[in-house]
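The next part holds the structures, each set out as structure tokens.
What follows is a pair of complexes built around chain A, which joins chain B in one and chain C in the other.
So, the complex of A and B:
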């Protein structure tokens, strides 16, 4: 095993898009008192893309979005929309609309008046018939035709969500900002709305910027994801790139689930690092850029990359099935390995020999393709 | 006990309160208003419309009340709204309580004493003297309808500020952001979002102040100097001085009817303005 082919297909994905960006953040800082909510944000948003900010609570996702909308001014740095610096332009002057987490529908207006609100603010004024036509079209897009005269508080959560969406898209903004728009919905409705949101974005071609702390949502919806941590964007990439090539343990952990094995880098050659674990094992994986011999590091293996066998194979490690959760098309195992501790293994159904699954307490042998394991900086 | 019986039991205290506090005194006034004045004052049972025929004798009091009470309500509202807005929307939360307390501080002193202060301010050696110093002579403020108006607006302002403050404070600030986001400038946002959503507070404040003003007698007596009588003053006079209980009852009953009609019309109007809205409750 001298050369492990590493998929380089995504290596260029972080370079700026050839088209001029529809919006951008340049060295943006935002400080609230002694909290740094945005720490040197640099980002270009391509026209028509679906971008997500993903990160744990308090990492500054909302702050980034509110600076694009104009509700917060950056402490330093520049916010650009359509090539113009908009730092000093008030929200009402920006060609940007936002869908609020709590929807923020006007309770004293019916559905049609809510949706037409933005159109009614236009100067020179739009003709009444024109407004009605656009509102009707927006209602059609969010599949609420016939609800014009409804009171907003008479609508269900999902319907209110769609009214909020319609109220924003009817203005044909250059940028549609969505702050955890689905967080208040129950799981089933959220799934439905995710699909609708994606369809909608393809249909109308508006650039979407979504804030979420739900990795599944970010992975399934976005063209590109910015993973955030403590005010910084720590990695940007398309979902598969982030999943397959996380640059740090934090990203590997936040995007999907993974098994982490700590150790020290013994040597790096041809992009392959050999990691020595404290228990004396030598494990190989694709090396993270910048790792060198002697560094603390960790090996990351996705649960679905680990294979289970009844018989020992060259390079396999013995273990015991500790727990087993049947998930239909997959089975999730917790395998206890004497040197590595417990490992999560996700086995697809057809991958199991003779369709016989492993039982709790059974001895097993596990291995994985080293090309599918990553050696990451431990941070 | 059936559910029905239990329900009856539950409404009994409210019903008793209603009968003792409202129906009983009203009935007494109603009956008295058809009676006659006894030789030494008080009430002699009779059935005559004489008292009602006599009402024009107190026309001025009705006229003053019906002009100054609505005017005072509107003036108080116009002053209270910006004040409440400033407190609820613009003030740093840590100052809010202190400033709100300052609004009620005047209530700690009797209205009698505060009105005397106004007698001094509006009287000869107060404001008019100041105006004379800058060359404006012969201004008379005290004992005019204007003095009474100032007095009632001053006295009832806190009652107006509070309900408006509450409705503005409760207003979801994200609605204002949503409005700005959709392209409305601050003043448009005020007209289209803030103002309509604070109408319940304004309606409550106006109703409270208007009802209380209709029965006011102390401020007109002090600042009107016996020249600007309210219906309340007429009642004090009829019940306490001339002891003409029958006529007093007729005046009181007429005032109640006027009040009832005005308030009903007003409530209908407000309800129409917000037809079908759930977030609106008046009082």
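So, the complex of A and C:
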């Protein structure tokens, strides 16, 4: 059985960090015509943390990042960097650097000149030797030593990605902004670069702000994730906290996968809600704050929390295996339950001899620990 | 269909080929070929009138192409940052400027310059002390350069605009993000990337100015450019010398046009 323990002493990370934030958004709104791209954003970014904006396309992630970089001015509200309001400071005056999704390397410069670009803009001027030394060090960090004189368009996607990273980190910015930096890479390379990115962040200790719509990427890389929806930050927390304690169906759905069962709250007691489904079942789960009897709600159960049995157990529900996908370590089943519809079940293979795995069409009984289920407000 | 196309080409290029052929004719008469000779080229280069006209043409072409490249590039960069209806109007005006027949531009420029001179000359005269000769503005090399610059600037704008439009806006943002001021971004990123278009625009402008007869005819005043010289000497009959000059001008223009095309065709490095 996979256990994702609910650790109740996990600090809800929305509480302000004790250290002064390296950057912050205060009541930031951004309107494009009649599109609200940022809707009352409030956020403090702690020094050295790896923060991600996660959300579907068009939810305003890039807009939030571009306001930190200075490419967009907030319609109202304040952007702070290192304690100072920077609303009126142009991008070239801000101590932040950005890694663009398309890399935006300068095609008429070689690798070393691209990386040294930011250093060459410094006034008073840096000595040539100093620039060369820093560029060499940056190349070393991204493991591209020896590529100084290469033309950027002769390099592979992954190498270009690393040049773009080096070009940003060589300036030692207060904040490194990354807009879907890995989206253009193929799956395997993306995994490699994710690991490199994480190593890099630990090694140089710069604060990273990453934009992504890939929940796996956000979960594996970030110290903290802001889940966004239609211009708003709807929940902020560390990956495990978000996974275990989503505050809405939207977050539960976006962070990880889950089974949702719609119904109406019958009563709430001691933080446990009882949900009545339209088919007449009564299901229990940890109640989301603010839920009361009579509310529309839904029960969320993660696929790995559902257990399958050959024989009926107290409180188990009958079903049929509809589909089965072997994933190596796990097997994913689609179980058809007469009252609840299709449910995703993820069963670990651990300690299970092959002959114990379930076959398509086989009748099964499913149950889950009510303490591991959540009753959430639908949205 | 092939034969038809062949006829069209024959019709277009036979006269040109004949001019080139007869420029190497040893004899004086266009009626018969009398063996190969370069004497007409030598004669042309020894003719002080031809050399004078050539010098004027080269000066006008070089100065007007330079001015057009600088002003046209600045205009293109400015237009790029414009939005909305104003931009559409300016774009339209530029294409109109290219499409208007030379004769209209010639007459319009003549009238405009004469009117301006009529206003400015008395004004200048009144500013000078009575005992000194006031400068008088009149048609000449200045008006030639002005007229050619105006026309060829539109060419440069169109060419540079196309290149600017193909540049990714994100490069400018990346530069700003890396602490470059707008001027530094222009010098280090924009200019190097649009340089081929500017060079191509310069070459086209040079060719246009060097070959132009119609506009020059109206605004040259007492100056003689090479095309004007050719035109005026043709009235005394086509000599092989004129054929030689024509051939040289044609070859030089073709070369410049081909170079401009090659520069423009080269893929922007990616």
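Note that in this section the second predicted complex is superposed on the first by the 365 of 379 C-alpha atoms of A that agree within 3 Å, B and C clash if a C-alpha of one lies under 4 Å from a C-alpha of the other, contacts with A are read in each partner's own complex, and residues count from 1 in each chain.
By definition in this document, a residue touches a chain if its C-beta (ideal position, glycine included) is under 8 Å from a C-beta of that chain, and two chains touch if they have at least 3 such contacts.
For clarity, every value in this text was computed on a predicted model and none was experimentally measured.
Overlaying the two complexes via chain A brings chain B and chain C into a clash. Using the contact criterion defined above for the overlaid structures, shared-chain residue A:146 touches neither chain B nor chain C, since it reaches no partner.
In the superposed model, A:328 makes contact with neither chain B nor chain C.
Shared contact residues of chain A, touching chain B in one structure and chain C in the other: 69-71, 90-92, 96-98, 100, 102, 104-108, 117-118, 121-122, 151, 153, 167, 171. Residues 168, 170-171, 173-181, 184, 188-189, 192-193, 268-270 of chain C are the ones that touch chain A when the two sit in their complex. Residues of chain A that touch chain B in their complex: 69-71, 90-92, 96-98, 100, 102, 104-108, 117-118, 121-122, 151, 153, 167, 171. Residues 69-71, 90-93, 96-98, 100, 102, 104-108, 117-118, 121-122, 151, 153, 167, 171 of chain A are the ones that touch chain C when the two sit in their complex. Contact residues on chain B toward chain A in their complex (touch as defined above): 172, 174-175, 177-185, 188, 192-193, 196-197, 274, 276-279.
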